[in-house]
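Below, each structure is written out as structure tokens.
The following pair of complexes shares a single chain, subunit A, combined with subunit B in the former and subunit C in the latter.
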Partner chain A sequence: MITPQNIFRHELIGLQVKVHKSSHNGFVGIQGKVVDETKNTITVDVDGAEKVVPKDVSTFHFKLPDGEIVEIDGRIIVSRPEDRIKKKFRKYW
Partner chain B sequence: MIKIAEERIDILFKNADEQFSKHPERSDRYAQMAQNIVKKYNIKMPRIWKRRFCRNCQHFLKPGANCTVRLSDSSVAIKCMECGNITRIPFINEKKERRRRKIEYTSKEGIDE
Partner chain C sequence: MEAKRLGYSGVAVVKHSDEYDEDARDDLKRLKQEFEKPGFQVRSAVELAVKSPEDLKRKTKKFRGKADVLIVRGGDLKVNRAACEDPRIDILSKPYKGCRDGGINHVLARKAAENEVAIELNLKYLLKTGLRHRYKVFNQFRSIIKLQRKFNFPVIITSDATSIYDLRTPQDITALSQCFQMTANEVEQALSETPQRIIKRNEMRGSVVLSGVRIVEP
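Entry: the complex of A and B
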């Protein structure tokens, strides 16, 4: 189950996302479904068009399947998807 | 950690199944990511999804669309249409055990009479 405590280790593909803040104005306001993920980027499907958003300059709002909304700074999830399972992350609590 | 890896593999294959008809390249990418997780953490692929991808070209397979499933020579032969590779899974041991169990059952009935 995806909970707010383990979302940084879990799968992001298939979740609804909205870019809340970013240092570049062109990325703010993109919302849709996560389609792909690499080490530094997330691909979002916006009404049929695919947009690539870098992780380390943006803040995301993820919507979980049971309705909660979690806000995550992009710098925390910078890593390859298979590396994120066992990784890091004690000090940000 | 291993539990999260298993959940992730399940989520990836379910999404691959949904996206197959409209975006087959996304399905292939999800199947590849799931195989990466299995390789890296040395866990077993779940039984439901074990036969749904090609071991040679790592594409997502859907019977009827890009693969055929036949029985030949006491084995299940799955042929991938993308690369032409045939995967054979034998079931001769299950057949022998069934035959053995049937002989025991019929011979016991004979003794009771």
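Entry: the complex of A and C
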């Protein structure tokens, strides 16, 4: 089950995503399904065209299967997907 | 009401952590009902008096959900440091108490900027200090301002008022703050932007899972 509490440790491929903010304006507004992920980038499928978005300069809105929308600052998910599960995250805010 | 006449758009009612119980909360509710109007806000605040970093952690956990603003009474270097490193804390009050310098150094300043812990300049502390020792207070404030310019942590000016006679108008404070070399712009930030940010952050707190992750739409 993907919830807002564990999404930053979870598999992102298959989720609907929208680039909410980015230091490069060309990335803002890219919307589609995540098809691939590397340490520094997320590949988004936009109507057949694949766009590669760098993580560390962007803020994403992920849509969870149950309809929730979660905003994630790309900087905290910079790591390989298989390593993210054991990455330490700051607990308090 | 006096605060509104002087031109403020809100007050935070501060209670000591030992006194913050059911009665105090009822009192606050009553105050809120009585005075909260469009254009004027009443917020609850808790001042934590702690002896050690462990104590601070425990009390932060206890009071974070209960009050709008969390204030830590500083003075001890270890407590200052623990407070600056905790993002759940809003304001570090009087870090310079009992110190010769400002109580803040470059390490704390960097941490405070990272965790958005506001450093307090207490006007009552300045005005109630005897004339003979007031130069020390100016020195302390000045050293904080100096660090603030470099590290950009939030600074907040508070009245610490126990009666209406402790309140000053923003114009007065602006004028007074020239004495510790704050520009009018910085005073405006300290008086209005920092409190706004604290309130906003507190409202967002429920939706934030951890730093960088936020629920936008449930």
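The rule we apply is simple: the second predicted complex is superposed on the first by the 90 of 93 C-alpha atoms of A that agree within 3 Å, B and C clash if a C-alpha of one lies under 4 Å from a C-alpha of the other, contacts with A are read in each partner's own complex, and residues count from 1 in each chain.
Please note the rule applied: a contact is a pair of C-beta atoms (placed from the backbone, for glycine too) under 8 Å apart; a residue touches a chain by one contact, two chains touch by 3 or more.
Note that the structure is a prediction, hence the values are computed from the model and not measured.
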item	value
Fit or clash between subunit C and subunit B when superposed on subunit A	fit
Touched partner set for A:E82, first subunit B, second subunit C, both or neither	first
Partner chain(s) touched by A:D36 [first = subunit B, second = subunit C, both, neither]	first
Touched partner set for A:V70, first subunit B, second subunit C, both or neither	second
Partner chain(s) touched by A:P4 [first = subunit B, second = subunit C, both, neither]	second
Touched partner set for A:I13, first subunit B, second subunit C, both or neither	first
First, second, both or neither for A:H61, with subunit B first and subunit C second	second
Residue contacts on subunit A - larger count, subunit B or subunit C	C
After fitting on chain A: smallest Cα gap, subunit B-subunit C, Å	18
In the complex with subunit A, residue positions of subunit B that touch it	1, 4-5, 7-8, 11-12, 15, 26, 29-30, 33, 36-37, 40-41
Residue ranges of subunit A in contact with subunit B within the complex	1, 6, 9-11, 13-14, 35-36, 81-82, 85-86
Touching residues (chain side subunit A, partner subunit C) in the complex	4-5, 7-8, 61, 67-73, 75-76, 89-93
Subunit C to subunit A touching residues, read off their complex	86-88, 205, 208-218
